[in-house]
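Below: one structure, written as structure tokens.
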Amino acid sequence: MGRRRRRVEGAARALPEAIAALSRSLPAGPSPEIFRRAKFDRPEAAPALWQLLFRVLTPLAANNAVTDLAPEAQARMVKSALVSQGYPRSALFQSLEGGSQGSRELLLALSWLLARGPLLEQLLAQTRVQLGDELPQCEGETLASPGPPAHRMETERPTDLRLVEWLMGKLRFRWRRLISSQQEQCALLSKIHLYTRGCHSQQRLGHLSVAETEMLRDPESSRQILQALESENNRLEAALEWRRCELVFWQWMDTVLDACSSDSPAVTSQPTVLPVISERGLGELELVKQELRALQEELREVAEPRRAAWEAQVGGLGRGPDWSTTRKALQEAVERELATLQSPWEPSSNPAQPQRPLRLVRSKDESPGPQGLKAAEVIGTLRAQEASLKKVLHQLQSQCRQELARLAGALPGLIWIMAPGH
Amino acid sequence: MSIVTVQLGQCGNQIGFEVFDALFRDSHCSQGLCSKRENEAYQASCKERFFREEENGVPVARAVLVDMEPKVINQTLSKAGQSGRWKYGQHSCFCQKQGSGNNWAYGYSVHGPKHEESIMNLIQKEVEKCDSLSGFFIIMSMAGGTGSGLGAFITQKLQDQYSSSLKMNQIIWPYGTGEVIVQNYNSILTLSHLYRSSDALLIHENDAVHKICAKRMNIKQISFRDLNQVLAHQLGSVFQPTYSEDVSFHYRRDPLGDLMEHLVPHPEFKMLGVRNIPQMSENSLAYSTFTWPGLLKHLRQMLISGAKMEEGIDWQVRPPFSGLPPLGKMSVHKDLHFNTSIANLVILRGKDVQTADVEGFKDPALYTSWLEPVHAFSMWKTQRAFDKYEKSAALVSNSQLLVKPLDMIVGKAWNMFASKAYIHQYTKFGMEEEDFLDSFTLLEQVVASYGSLGP
Amino acid sequence: MTQSVVVQVGQCGNQVGCCFWDLALREHAAVNQKGIYDDAISSFFRNVDTRVAGDGVSISKGRISSLKARAVLIDMEEGVVNGILQGPLRDVFDNKQLITDISGSGNNWAVGHKVFGSLYREQILEKLRKSAEHCDCLQSFFIIHSMGGGTGSGLGTFLLKMLEDEFPEVYRFVTAVYPSSEDDVITSPYNSVLAMKELSEHADCVLPVDNQSLFDIISKIDLVVNSGKLGTTVKPKSLVTSNMGAVTKRHKKPFDAMNNIVANLLLSLTSSARFEGSLNMDLNEISMNLVPFPQLHYLVSSLTPLYTLADVHIPPRRLDQMFSDAFSKDHQLIQADPRHSLYLACALIVRGDVQISDLRRNIERLKPALQFVSWNQEGWKTSLCSVPPVGHPHSLLALANNTCVKPTFVELRERFLRLYKKKAHLHHYLQVDGMEEGAFAEAVSSLSVLIQEYNELDATKSMPVQDVPRLSVAM
Amino acid sequence: MLGAKADYLLPMDCTRRLVAEVQGALDSCAERQRQLERSLRVSRRLLQVWEPARTLAPEPETKEEAATSACTPNAQDLKELELLTQALEKAVRVRKVVSKAGQRDRTPSLTSASNAVTSGATAPARSQAPSQLGSHASGARSTKAVQGATVPDQSADPERRLRSRGDRTQMKTGAQAPGLGDQQTAPAAVPRATEFTLKEKGTLLQLPVAFRKAASLNSRLWAQLSSIQASDSAGITRATKTEFLHKLQAASGLPSHRPSAAEVGAQAQSLRKACSLLRLHMQKELSTAPTDWMQEYRCLLVLEGLQTIVGHCLHRVQVLQASMTEQLPGLCPVEKPTQSSSHCGGETDSAWSPQLLLYSSTKELQTLATLKLRVAMLDQQIHLEKVLMAELFPLINTQEAGGPPRLALCRAAYSLLCEGGEHFLTVLRDDPID
């Protein structure tokens, strides 16, 4: 307790330092003074905080020209992002239009985001200076992501299904071209790695990456990278600093929250803002459910007879102490196996954390080399994954085939001739 | 990105030579009517696509030559060697002693499996010489045995082995009469197999090319070489470099991919026709001037009236007024006056190309009801002039242009099939009547699908 | 490149063959000025280093050393073959290619087929195998024989079956010389009909020629030449001049001129397979295109121009005349009139300076006057070989699968039946071991079936051409 | 009836969903392609001859012509003209930088390039690498022993500096008239000084010191950040934050937590992943035949264990679904410890610092990349397949029997659903019409 008190006493100086550190670690962070003013809901603090929240919530957009958006538009985007993340305070959504009001609400929103997860690290990771060569992050999420609404398509009038076939065909071509380009990229990468062998100062990397080589080729880009790296280092240092002293900020935020509720006690009259869950999300969930059900059914079908057979077989076996230790060992082994299997999607694993970047390193087979993932192993996993996905797809397709064959049977006088090969 | 060409059979090898020669000649022609820099970039782009460098500095065509008898290949190699400007790779030929005898089944079921390994090895070696591979051109006729049968077989193997690379078959459609008697059988077998394994069939009709030679090029005694040169011009006008869209003033990296994505995504519609303007003999060219509006007006009318060249265009044909029901029932067996498109690609080359106005091709009435011009039309261009024409335009069209010839071929083959004539020549090599029926079924559907596009 | 082996059987076969080799040598000598052994020559000749004892060693490249014909000469009399061996062609053959006997077949098909067949079977087979071994890629056998005699028709058709069993992949082209109606061999109808059955069953393609037609052609040439109407003489070394050189000698040896026509037929037939051209036609394309049903493989041939005179610069009208002539009755190598019968298929094999547009123009021009079977309205097969025949700018060989061949067969059957009803001369056949009377009945019924097939096709001639109902796609 | 129109129009909402889904997939593919193209351009440039002037060669002139040859400049032309001006300006800028860099201190990138000079008389001075380069540079010198071996260090040579200045002025004029200038100056003033290819001399490259320092600081900082985060998570700060969140939640009038759209999406995503991993595991388990009873038992346990896990997952779906419609005691996500320890490789590894992925050949790298893409594509395809199934089956089943529109729909549906859109179906009439 004594320790805590000491900290609180020192808060008078520690708080501005903590806020300053936070500010420096954020992209375009405002001055600590803005935070102070926001506590008192001063209008002059609002624009800077809108801007900040906008940058924080739409990190990808920040690189592009979206920063030039009108304040109202920015506010709208901030609000919708907060809604989708489940921000609970309706005060933010109701009245504010991106003007000068409600700087305290904005401060609360920012703090909410900061408290929920490693926001700073995420932001830093997103804008990180990429020095190594990476494989594209193409987990299912990226390609299958819903993407922006199809604004280019005129969907005011009903269409022929042939249009969908046409678009799907386009998609198939794009997939294939993507693979071709990817192959070319790999060939070039591999060449660059080979030609720059032994050039990297870090022993374990051995060769240069594209970014590093480009830096050497073009002095301008060298300057830019160095600059970016230095500014990232500054932000990292600030983030570390923040981590060391953020406690005082949270204690202060308590007082902000208190000030807020004392200012507007009539919380009950506010209509509650329900998080909008898109139809798509629901549909997605429904699909997953069906898949899981099917899997459960399959498992039941294979497990039950085995259990029965096992029981029958084991019935005669003595249940001596040997058996029970063996059994226990087996059970534990299986538990461990299954636990590791579960870890990638366990609720405890943080979905917000971006995947760890992978730096591609060309290494000779024979040398023990640096530690890291081996491509061959990853390939093995991917192959298995590919095979299983293919199987799923084929199952779905044959399900469809059956369904349509049933329909075909219901149409007399017609002969359906499937594409050869089936 | 590079394209590997596979030349098959007599026709494929003769045409392949003319194509490479035309590409090379054009890209090294000094009068491209553009700056030296641009010319160099154009040259480099053409070279990356179609040629590779060999030690002694002579460019080598990215091509594999396949024939089942040696005469044509020897002839082709020596012609390329004599030109001295480019050549074929030393080890890029495969030939045997005995041809397929106009028998599709022999090419497909005997030569194909027997030589699969050697041919695929050759192709693989050529592929390995590309930094990046966009896809394959497979040049073949569909009337004979080697080009058609072996061509269909090899295309299928390419599909199996290089599933993500693109495959475009350049198909020489035989004269309506007088080349090979079993050409209709060979054709339906080829087309139906390619419909399953190829991405696009770029079709050149001998009859049309012949007419161009006679009427536009003013050639009195037309030889196969004349035909092949016109054909090579057509292909060159499509696949020589053009600017890419996203990075302005860079040359397009992957024309094959761009073309396919625009024109042939639908599995039932894979047949492409090419139209060119202007086409004329060098003598007439000296006295001619061209304007973009004039060229494009003609090209558009060629498209909608289904004309094969800029002579004898039916100017009465107009796009249907959208919204009005068509007059009477249209059928492919009757004369289709208006040629409905699914998708078109216009390629403009030459002076003042930025002033050319292609709005006429964006009229929704030109296209089938389910595809809007945004999806259905695209344009490539370059300021660099092509093959002695100060301005020229090419059109690659996925439209009803080829339904009639296809319908004819299917009809004739069906008549023959109904009398069982020549079937024994095919069953001798392991084919069954069922295989013919499969081919007929598939192609009848293609005819019907194209027929139902409108208007 | 593929090779062909010529098997010449009997007196007639060997005489025709002899002409063929002479012309083939001269043709290649004219085309191949450098004396380098090439693919074109290799299709009919081996290049042999004679300094090596025994068989001699085949040389596949380089200068021509000594050319050996890819041929097997068979006769059951010695006369003709010995004549060849003492004549100017002696160097292209050697003893290992010959099979002779002294007794002859006595104009008896059964003797040739049954007696000599079983007697010489192994020997013939061995020579054939040997000649096949010398080939890089053996594509075809050309069997030349007459139909009317004993050795040619009997042994010739015997070895046809043998070839089918031994070399099933190799095409069998038969050039069969049919007897004229006033043939001096009494048993020729028997021999011909018995041979016909074998041809129908075991040949891939039969090119029937008959002596009467050949003779008529020769007579016409003589008329033109002697009348001097066209002002000039027939060029030496031209298509019809014999290997003996002088035109005048033909009167004494009419068969030489006739045989030369047949030899020219074979040269033209194989020209596109041997030489370059813009539209090649390999030998295996012939049966593929011209034989719609297995047994209907009798192709009527015509060669033009026959009367080409010493004018090198032939105006286009002349070129078109060449095409017209090929369809006229008096240019056919058997007595037949294709223009008034039904075409199943037709091939035009063009040599020399002719382009695809010439071909197309003439097809368009001639087509309306010709009648094609309903399912093959555009039954044309064409080829362009850039090497013309010696001494001419161009030539045309037309092969027609046409019902006009039927009258020849009908007449043959009639003559056969006239004899057979009386059982005349039958005993000569039946005393041969293994020959039974049933064979006669079978042979004539086989011929009748063939004739019937042509009849049925002819019957469709008057019917309007109609499209068969197609598969109907539901949309 | 041949040629009959057989249009079948989809209902509006179905159209919207399907088109939006496919279009979305197309867009993300296109975006990926653009990214790839960008990095391809960089890589290709690196593999060509390193010649700064070359990299933006074709553009300026083309644009110039485009602009001047137009009779009446329209908006497009004006835009192009502007681009041209920008490009020219950029060219000038870059050249300045390049010439400065060449003059100033010969950054390592250009050092090796200067080694390539072979022209006799003027070469010795240039061939000398600056002394600070160390072992790499001397290695380079020895490869160029022909002209460099005996020449003393001349990095301070006044003559050299003079010439460098000369180079710069020449380059400047070159920049003002790109086409001509280059041709004139290239042979004379910058004789092959820039002819450097990665293939031949790539191993001579060395990263600048400043950069090396910054980079190593960077990785240290990342490591610290992750370690601090891990240690902090159990601490007092964490408690305070949690408290703050609860308070905020309570003050908002919403006593419990509802899942947000983002969370539902993420959950659905992770459950999908779970499902596919579980399926994979099941298949693996079933594919190996047990050889003894122990293994048999193990297999049984695994299968039953999987059953349980699937049960859990299903439960999670149900809870999520329920919580979207009614109030449920919520799962309140707070900052969680990152899993850095679980897959920690070396001491420098941490959750935020890059992990090495080692490959041994081009082929292997290509296989890896292709597989990655394929898996992503299959994922996408399966997703689209499900969407199509969900949208199309109801339509097909409710259509009135027979009739041409239905056939058109069925055919297209067959192709999309059963053949991945690659093949199609033919429907023939049994009785040929006459």
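Each chain carries a letter (A, B, C and D) given by its place in the written order, and its residues are counted from 1.
One rule holds in what follows: a residue touches a chain if its C-beta (ideal position, glycine included) is under 8 Å from a C-beta of that chain, and two chains touch if they have at least 3 such contacts.
Which chain is which protein? Per UniProt: A = Tedc1 protein; B = Tubulin delta chain; C = Tube1 protein; D = Tedc2 protein.
As the structure is a computational prediction, the values presented were derived from the model and not from experiment.
Colleague: So, comparing each chain's Cα centre against the centre of all protein Cα atoms, which one is closest?
Modeller: So the chain nearest the centre of the shown protein is B.
Colleague: Identify the chain pair joined by the greatest number of C-beta pairs in contact.
Modeller: Looking across every pairing, the one with the most contacts is A-D.
Colleague: Relative to chain D, which chain's C-alpha centre is the most remote?
Modeller: For chain D, the chain whose C-alpha mean is farthest off is C.
Colleague: Roughly how far is chain A from chain D, going centre to centre by Cα mean, in whole Å?
Modeller: So the centre of chain A lies 15 Å away from the centre of chain D.
Colleague: Please report how many Å separate the Cα centroid of chain B from that of chain D, as a whole number.
Modeller: Between these chains, centre-to-centre, one finds 35 Å.
Colleague: How many angstrom lie between the centres of chain B and chain C, each centre taken as the mean Cα position?
Modeller: Whole-Å distance between the two chain centres: 41.
Colleague: What's the distance between the Cα centroids of chain A and chain B, rounded to whole Å?
Modeller: Comparing mean C-alpha positions, chain B is 46 Å from chain A.
Colleague: Can you tell me which residues of chain D touch two or more of the remaining chains?
Modeller: Within chain D, residues 1-2, 4, 6-7, 37, 370, 407-408, 415, 419, 421-429 contact more than one other chain.
Colleague: Give the residues of chain A that touch two or more other chains, as numbers and ranges in rising order.
Modeller: 152, 159-160, 162-163, 165, 167-170, 172, 174-175, 177, 179, 181, 183-184, 187-188, 414, 417, 419
Colleague: Using the touch rule from the top of the page, what residues of chain B touch 2 or more other chains?
Modeller: 164, 196, 267, 369-370, 441, 444-445, 447-448, 452
Colleague: Taking chains as nodes and touches as edges, what kind of graph is this: line, ring, star, complete or other?
Modeller: Its topology fits none of the listed shapes; call it other.
Colleague: Which of the chains are touching one another, listed as pairs?
Modeller: A-B, A-D, B-C, B-D, C-D
Colleague: In their shared complex, at which residues does chain B touch chain C?
Modeller: So the residues of chain B touching chain C come out as 10, 14, 69-72, 75, 96-103, 145, 175-182, 210, 213-214, 219-225, 227, 410-412, 414-416, 418-422, 424-425, 440-441, 444-445, 447-448, 452.
Colleague: For chain B, which residues are in contact with chain A within the complex?
Modeller: 1, 131-135, 163-166, 196, 199, 254, 257, 260-261, 264-267, 369-372, 374-375, 438, 441
Colleague: Under the stated contact criterion, what part of chain C meets chain D in this complex?
Modeller: That would be residues 469-475 of chain C.
Colleague: What residues of chain C sit close enough to touch chain B in their complex?
Modeller: 1-2, 39, 136-137, 139, 276, 278-280, 282-285, 287-294, 345, 355-360, 363, 367, 374-382, 384, 467-468, 470-473, 475
Colleague: State the interface residues of chain B toward chain D in the complex, per the touch definition above.
Modeller: Per the touch definition, chain B meets chain D at residues 34-38, 40-41, 164, 196, 246-250, 253, 267-268, 329-333, 351-352, 354-355, 369-370, 383, 441-442, 444-445, 447-448, 451-452, 454.
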